[in-house]
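Two complexes follow with chain A in common, the first pairing it with chain B and the second with chain C.
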Partner chain A sequence: MGEVITLLFRSRRFIIGAALFTLVLAFGVIGPRVTSKDPFLMAGGLFDPPSEGSMLGTDNLGRDVFTQLMYGTGTSLLIGFVAGIVATVIGVAIGTLAGFKGGVIDELLMGVTNILITIPSIVVLILLSVAVKGRSATTMGVIIGVTAWPWTARAVRAQTSSLKTREHVDLARISGYSTVELIVKEIMPYMFSYIFMAFILQFSGGITNEATLSMLGLGPYQTVSLGVMLHWALLWESVRTGAWWAFIPPVLFLAVTSFSLMLINAGMDEVFNPRLRKS
Partner chain B sequence: MVLANAVEPKQSSSPLLEVSNLTKIFGSGKDQVVAVDEISFEIQPGEILSLLGESGSGKTTTARMLLRLSAPTQGEIFFEGQDVNAVKSVDYWKRVQAIFQDPFSSFNSFYSVHSFLGKAFRLTNNHNSAADKRARMEEAMEKVGLNAEELLFKRPHELSGGQRQRLMLARALLIGPDLLIADEPTSMIDASSRVGILNMLMDLSRQHGMSIMFITHDIGLAYYTSERLLIMNEGKIVEEGTAEQVVEHPTHPYTKRLLDDVPRLRRKWDI
Partner chain C sequence: MVISRRLVVLIAIVALFVGLLGTGVVSAQRLARENTFYIAGHQWGPPTSFNPVGRGSVSWPINNKLYIYETLYAFNLVTGELDPILSEKQEWVEDDMVYRVTLFEGTRWQDGEPLTAEDVYYTLDLGRRYPVSYAAWWNYVDDVRVVDDRTIDVVLDPEKPHRTMIVQDLGTIRILPKHIWQAIEDEGQSPQDVANMEPVGSGPYKVLNYNPQQITLVRDDNYWGQKYFGTPAPDYLAHPIFKSNDAGNLALERGQIDFSQQFVPEIWKMWEDKGLPVGTWYDDEPYYMPGSIPSLFINVHRPALDNVLVRRAIAYAIDYAKIAETAMSRYSIPARSSMIIPYSVPEQQYFSEADAQKYGWEYDPAKAVDILENELGATKGNDGIYVLPDGTRLGPWTVTCPYGWTDWMTSLEVVAASARAVGIDIRTEFPDAPVWTDHLQAGDFDLTMNTPAGGQGPALPWTRFRDVLDDRDIPPLGQTAYRNWNRFSHPDVAGLLDKAAFTSDEAALTEIYQALDRIVMENIPVIALEYRPWEFWEFNETYWTGFPTSENPTAPPQHNLAGVRLLYVIKKK
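Showing the complex of A and B:
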């Protein structure tokens, strides 16, 4: 494990990505704990421009945008994280099982996966979000995760069906390993970096999907997320009124978060994929 | 010498393993490939025999079916007279074990030698202490000529091909099967370790009364080690007999061709 980390820190992309992400993470997680301000409390007038008292001005209800941004980043990261975990767990479970078992089970699982891939996930997301009452940030993460796993499942299946032909898998089988043990102990270790990279992509996708849904007004209740901020900005026409401070900061944070995760992913790819590794 | 005598008395006893009309077909319709075509043979207790054939002849597929790693399309395998499908696979693997051809891909590079050998205890109902298990592992490693103290906690990438192949043998020893299926056990190791490993296998067979079936394309290896040879070509067993018989008086054209391909094979090595 130590070697892997040393290797990772040799990739410039990974270092920049990790540094950016750490900053975003600190802002979203530590920020809300340090500040005394409440993101839902009126701190000024309607669309007050940035001033000394409030760094990014106020929104349509006179609430402090900078405070919202801290809380919102935290919520968005939480939703993305939950979505990433859910999607990766489902994707890996289905992918490994299909790839390992082959035959009818494979056809069945991949059939379902391929059908889900052809349905635009945004449609499913909207329907699910409307159907679920009382959405919290975690529920939203789960909803996004359950619609995002098919690509991971397909990729993991392909890896598994190639890894399972290795002789150490056969050797473990004739030592009496069960299917689950074979997958977890003999196949997963070889896919660990791959699974982790898939998780990073799902994490990033989760954050973007949250923004899309929330902007449409299907976001989490009684919380502020980056998407919810965009929803408010859209609803109260901050663009037309020229209140740039209400919509530029959340957009920027969304972009920076996704970008940092993509850099981490690209950096890991560089390290784990020998063909991309520079000498 | 001893070999000719060794075959005779065993014919009367009941076979350890009996294969009848074993067939494996891959794919279906136009893409159908008959990998193994209705083969039948027996393995006697304590016998060493070889299944010989070139790549693609179906010998590895046969080995996989014998190990119950792949289900036959047709035909039966009887172990001590009992249909293997009636035996729990874990119980079967306590009696029938394998050494695989590629000592590199046979090791999971994430685990040490200690945990590789430790897997064997799953099959031996060993509820003994860790210290006892360790002692047994060390004993098995010494038996195959490995320095346990030095190697026990090494990872596979720190070992040579010969060491890995010996470790597989040590693993088989810990399980103590009645039949060992050795699929090209020396194909990936250099000539100097080769004879050593073969001799070791043959000694173990003698000491423990373990049957060994070599799966190989190397007629020299087969002749050196085996009492009986089965020649396989295009999924069928085309010739069967004692090693001398087959090598000196081959009847099937494929066997003749196989023998012609061997650069030099004048006399049996002294064993």
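Showing the complex of A and C:
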């Protein structure tokens, strides 16, 4: 493990990505715990510009944009994290089972996966979001996660199909390992880096999907996220009225968060991908 | 040779494509900009019906504008008077039981046929025979009689002689040519089922063309009313069809739109910050004339919300100034504890400041807490929310309005935040409009937002009090109600409403409306949240000038009905 980390920190991309992400994480997770400001307090007026008391001005409801940004970043990270976990777990479970078992089970699971891939996930996302009453941040994460797993499943299935023919797996099978044991002990460890990278991508996708849904008005209730901030900015025509502070900060944070996760992923790829590593 | 043939085919395809795309653009470009008056905010999809008595949505300009079809007269929001349109005078005769309307001499249809009292009778009679929008008008009318070619009598129902309702609704009915619509009926079709895409009316404009991008009208220079009203200034009226509010607002800012009925956040920035020739009715706050009271309806049958003291605490908790500043973009004064609009419009004469002070409320969170703790004996839980002595927690309750109604959504965010600040758990929820409507009409909500009796007319605030307080003909919870959605009931309401309906004595009316307002203030089934213009009304003077304003009220700030007068007072720049 220590060796892996040492290797990772040899990648400049990984270092920059991790540093950026740490900053975002600190802002969104620690920020709300140290500030005494309430993100829902309507202390100011309609789109008050940045001032001494309010670093990034106020939004259309007179709420402090900087405070909203801290809480919103935290919520978006939570939604992305939950979406990443859900999508990865489902994708890995289906992918490994299909790849390992093969035959009818493989056909069936991959059939379902392929069908889901052909349906634009945004449509499914919108339908699910509309159907769910009282969406919380966690529910949003789950909704996004359950629509995002198919690509992971396909990739993991391909890896598993290749790994299951290796000798150590045959040996374990002869030794009487059950299917679950074979998958968990003999196949998964060889895919761990890949799974983690898939999670990073799903995490990033979850954050942007949340922003998309929230901008359409299907975001989480009773909370603020980067997407919800953009939603209000859009509805109140902040671009036309020149209230840049209402939309640029959340867009910037979305971009930086996604970019940092992409860099982490690319850095890990450099380390874990044998082809890239050789070169 | 092969290449040149391909080239020819390619050019042909491109030309066809450009031709198809350009159909609308070309027709729009043919209009000289200086002769065309561009309007926005009334049409959001391709035009599908120009039928004033049709079912479903009716396209601009048939939706309450008097450019093609005309009414007998039109209520002027500024003067409170009835502006003449087709009729030169109206009077009460036969012991005030008959409303006699006399048409101008020379009224005629755009196809040259004379417009007579028979056309008026035919149109009104449609309401007796078909479920058209004004069918309910007949609830108060016994009969309609043609006296002569130019005179028609409306005979009141002696049991319900509701004069203001008769006058108000008659002023909204667009008169149809009998010779055209009777022919439709003779063919066995219902007048409600035709799209009427080539409308023949009596007004100063005719449809020139329409497509999914724009509807264009051309002035009818044979208009019968020229000798009475003059000639409207624009040769053409054009309504580009925008996909969203912000596209329309941007076009107004750029001078591509001359006159708009859209909610434009922070409109003052257009002239204060950008120096654009944009204006509204008032050049300072609240910029627009109020026309309705979007209000919070509280379900008086839900546990704890059935307690008037809880409702009173909510009323004191709400930050009305914040709603006016943020949700209404400063286009409203902070709402008062009344169902009467207290400024600018004719109904303000009924508002009682003394009653509002004595029986009403204002934003005072400390008073809300005082009611909760001292009058209700509620105690605050660990989560910051009060619990009544019987164990009922004050929430979570949802407060709803349709998704996309931006200013309402913002108002409710303020309501929810204000309530939570004093310890009442109210949360916003914005369902799709059809879902919200179903729940509203069935009374299936904790709190919801809606406008009681929108519109403009001499019957306000009577219709507003009826919509909020009258429980007659209201089905029980679970069934569809079109007003009094929270099924509020009070024994004095019916008598007061009937008394107000059948009197024209202003002193008596004031007394009755104030008594009804006290019932609202004492029982709080509804809380006024803001004053919203019935129609947003803003203009850009890049191409046309002379728009009326509060300083120079040559026409009322209306797009609908009496707003047609605007076209006669503007001038080419």
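Everything below uses one rule, namely that the second predicted complex is superposed on the first by the 277 of 279 C-alpha atoms of A that agree within 3 Å, B and C clash if a C-alpha of one lies under 4 Å from a C-alpha of the other, contacts with A are read in each partner's own complex, and residues count from 1 in each chain.
Convention: a contact is a pair of C-beta atoms (placed from the backbone, for glycine too) under 8 Å apart; a residue touches a chain by one contact, two chains touch by 3 or more.
Given the structure is predicted, the values throughout are model-derived calculations rather than measurements.
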Query raised in the report: Following superposition onto chain A, is the placement of chain B relative to chain C best described as a clash or a fit?
Result: fit
Report task. State whether A:Gly62 touches chain B only (first), chain C only (second), both chains, or neither. Result -> second
Query - Contacts of A:Met42 with chain B and chain C, given as first, second, both or neither - result: second
Report task. Would you sort A:Gln222 into first (chain B), second (chain C), both or neither based on which partner it touches? Result -> second
Query raised in the report: First (chain B), second (chain C), both or neither: which does A:Thr241 touch?
Result: second
Report summary line: Least Cα-Cα separation in the three-chain superposition, chain B to chain C, whole Å, stands at 44
**Report entry** Those residues of chain A which chain B touches in one complex and chain C touches in the other
**Finding:** none
Query raised in the report: Can you list the chain B residues touching chain A in their complex?
Result: 64, 67-69, 89-90, 93, 97-98, 100-102, 105-108, 110, 119-120, 122-123, 168
Requested in this report: Provide the residue numbers of chain A that touch chain C in the complex, in ascending order.
Outcome: 40-42, 45-47, 60-62, 130, 134, 217, 221-222, 235-237, 239-242
Query raised in the report: Can you list the chain A residues touching chain B in their complex?
Result: 166-168, 170-177, 185-186, 189-190
Requested in this report: Name, in rising order, each residue of chain C that touches chain A in their complex.
Outcome: 245-246, 249-250, 253, 264-266, 269, 273, 319, 322, 325-326, 329-330, 403-404, 406, 409-410, 413-414, 417, 420, 427-430, 432
